[in-house]
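Same chain, two partners: subunit A is paired with subunit B first, then with subunit C.
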Partner chain A sequence: MKNYKCIYAILDSNVNGSDHKPDIMGLDSSSVYFVGYRNISAAISDVNRDTIKISSDIAFSYEKIIENLWVKYNLLPMRFGSVVKSNANIIEILKRNYANFIDNLKKVENKSEFGLKILWDMNKTDFNTEKTFNLDNYKKLKKLNKNSIYRNYLIDKLKQHKSEDSFMKKIDDIIEEIHSPLKRLSYLYKVKKIVTPKIILNATYLVKNDMKDEFIQKIRQIKEEKKNIQFLLTGPWPSYNFVKISIK
Partner chain B sequence: MNDVITKSKDVTLLEILDRILNKGVVIAGDIVISVADIDLVYLGLKLLLSSVETMEKYRGAPIYSPYQEPS
Partner chain C sequence: MNDDKIILKSESIDEIAEELEKVENALPNRINADPEKVEHGLAKLVLTLIELIRKLMEKQAMRRIESDSLTEEEIERLGETLMKLENKMDELKEIFGLKDEDLNLNLGPLGDLM
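Take a look at the complex of A and B:
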C-alpha cells in the first residue's frame, strides 16, 4: 500500500484541482498530482516507503520527473527522499514556509542553472611557472657556509615554496580568466576553487533564460583559447544550487 | 551550440546525484519524526549516508576549499 507522499517540487502557481493533470508518472508508477495553497503548489505522488531507495535508475527517474515539471512550471526542486504522510502535512508545509517559497520562486523564475568543472592533468600540463631561484634575494642565507646542510635545506625549501606559490598564482589567474566573463553573464554564481591532480574548479551559474545561448557561446570561446584544460559543462538544470530553504 | 554541453551518462549521473541528494529544498534537521503538528517522516538521510561512499567514489579527491558566493 502506498501510504507516503513523495514531494518533488514546489511550484509557483496553484494548480490544485482536476483541470491540472500533469500527465507525468512519479516514482512507484503513480501519477504526479498537485496540492495547492494560495498561489503555490507541491507536486507529489503516492509511494511505498521501500520505493525511496537511491539507485542510478531511481536518480535518473527522479530528476526526469522534476525536468518534466520544469517544462511547464517555475519550480523549486526538493531534495530526494522528502516524504510526508498526508496532504494535510503538505498544506502545512506550504503555509509555514510560504514567504520563503515565494521569495525563492521569484529568484529562480525564467532562469537555468549550469554546472562547470574545469579538469586538467597536473602531470601533463606545463603552466610555465617560474623555476628560477635567485639567492641574491636572500642575503642572510647567502652568507651561510656553502657546505652547510642547514643552508642547502633552506634553499631547497624556499625553491619549493616559490615554485608552489608561482604555480598557485597561475591557477588563480586561469580561474579568473574563465570565471570573469561568465559571472558577467550570470544572475548568480557559486565558485569553488579545488586544486587536485584532476580538477581545478567546480562552479555553478544561474543564468537568465534569454542569456543561455550567449553563456554557452562564451564557454565555447574560452574553451578554444585554453586547449590544455578540459571543460565539463552540464545543464541547463532547474535551480538546485540556488535554493536556500530548510523546511520548518 | 550544444556540442559544448557534456552528454556522458556517467557525468550526468554524478551531477544528478550531487543535486538531488545534496541540494534543493531541504528538510531541516537530521531525522525529523515530528515537527509540531506535522508528522513528517524523512527517509532521505539514511539514503544519503548510504550513498556517500558511492558519491566519494565518483568525486575522487576530497574538496578542501570553501565556497565563494557573491554578497
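Take a look at the complex of A and C:
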C-alpha cells in the first residue's frame, strides 16, 4: 500500500499545489506531484515504504527523477530516502524551514554543479632526494660520531622527509595549476586533496549557467596541456554539494 | 553514473574507475566484534593511532633538526628515541600480524588517515 510520501526536491515556486503534475514518473510507478507552501513546493510521489530500500538501482532512479525536475525548475535536491507519512508533514517541513530553503534556492538559482577528478601516478616521477641531499646543511648532525647508528638513522629519515616534501609540493603545484583558473570561473567550489594515492584532486564547482561553456572549455584546454594527468569531468548536476540544510 | 553525465575523460578511464571503486567501496573500518578476533581489531585501531602520533612526532623532529634549534646531544637522543619507537612499533605489528598498510583508517570520501 502506497501510504508514504517520498520527497525528491524543494522547488522555488508554488506550482499550483498538489493538483499540478509535472508529467514525471516517481519511484514505485507513481506520478510526481507538488505540495506547496507560500512560494515554495516539495516534489513528491506516493510510495510503499518497503520498496524504498537502499540499492544502487533505486538511488540512480531517484537521481534521475531529480534531474528530470531540474530541467524545468530551480530546486534543492533532497537526500535519498526522504520519506514522510502525509502531505501535512510536508507542509510542516516547508513551513519550519522556509527561510533556509529560500536562502539556498537563491544561492543555487541559474547555477550547475560539476565534478572534477584528477588522477596522477606518482610512481612515474622520481622523488628520490639521494643526489640532492647535502649533509653540510645539517652541521650539528654531521658532527655526531659517524659510527653512531642514531646519526645514520636520522640521516635516512631526513632524506625520506625531504622526498615526501617534494612529493607534496609537486601535488600542490599540479592542483594549483588546475584549480586556480577554475575557481575564477566558478561561483563556489569544494576541493579535496589526495582522496586515494592516485586521485590527487576531487573537486566540485558550482558554476553560473552563463559561464558553463567557458568553464568546460577551460578544463579541455588544461587537459590538452597536461598529458600525463588524467581527468574526469562530470555534470551538469543539480547542486548536491552546495546545499547544507538540517531539516527541522 | 550515466555516461551522458561524463563531459570529458582521459583515455585510460579504467584506471579512474578502479580508483573510484576504492572510494565508493570504502566502508569505515570497524572493530571486528567476533570474540576470536576482537583483540586483533582493537590492536589494529590502537596501533593505527599510535602510528599516526609517531609519524607526527617524526615530522616535528625533522623540522627541529632543519631549523637548527637542537644541540648535538639533543639530536642524538632524538635519533635514539625515534629509532627505538619505530623498532617497538615493528615488534607490536609482528605480534598482532599487521603490516604497514594495515595501519590506516579509510575515512571514505576524505581519503585515508595516513
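A few comments on the model shown:
In the analysis below, the second predicted complex is superposed on the first by the 235 of 248 C-alpha atoms of A that agree within 3 Å, B and C clash if a C-alpha of one lies under 4 Å from a C-alpha of the other, contacts with A are read in each partner's own complex, and residues count from 1 in each chain.
The rule is simple: a residue touches a chain if its C-beta (ideal position, glycine included) is under 8 Å from a C-beta of that chain, and two chains touch if they have at least 3 such contacts.
Here the structure is a predicted model, which is why all the values come from computation and not from measurement.
Touch criterion met: A:198 reaches subunit B and subunit C at once.
After overlaying the two complexes on the shared chain, residue contacts for A:217 are found with subunit B alone; subunit C is out of touch.
Contact comparison for subunit A: of subunit B and subunit C, B touches the greater number of residues. In the overlay built on the shared chain, the residue A:237 is in contact with subunit B and with subunit C. Residue contacts after overlaying the shared chain place A:167 against neither subunit B nor subunit C.
Of the two partner chains placed around the shared chain by superposition, subunit C is the only one that A:154 touches, whereas subunit B remains out of contact.
When the two structures are aligned on the shared chain, A:119 is found in touch with subunit C, with no touch to subunit B.
Once the two complexes are overlaid on the shared chain, A:77 sits against subunit B while remaining clear of subunit C. Using the contact criterion defined above for the overlaid structures, shared-chain residue A:98 touches neither subunit B nor subunit C, since it reaches no partner. Comparing the two interfaces of subunit A, the one with subunit B and the one with subunit C have residues 60, 192, 194-199, 202, 216, 219-220, 223, 231-235, 237 in common. For subunit A in complex with subunit B, the residues that touch the partner chain are 4, 10, 49, 52-54, 56, 59-60, 62-63, 66, 76-86, 89, 92-93, 115, 183, 188-199, 202, 213, 216-217, 219-220, 223, 231-235, 237, 240-241, 243, 245-248. Of all residues in subunit B, only 1-6, 11-13, 15-17, 19-28, 35, 37-45, 47-48, 50-51, 60-61, 63-70 touch subunit A in the complex they form.
Residue ranges on subunit C touching subunit A, taken from their complex, read 1-2, 5-10, 12-13, 15-16, 19-20, 22-23, 58-59, 61-62, 65-66, 68, 70-72, 75-76, 78-80, 82-83, 109-112. Interface residues of subunit A, counted against subunit C in their complex, comprise 60, 64, 114, 117, 119, 138-141, 143-144, 148-151, 153-154, 157-158, 161, 192, 194-199, 202, 216, 219-220, 223, 229-235, 237.
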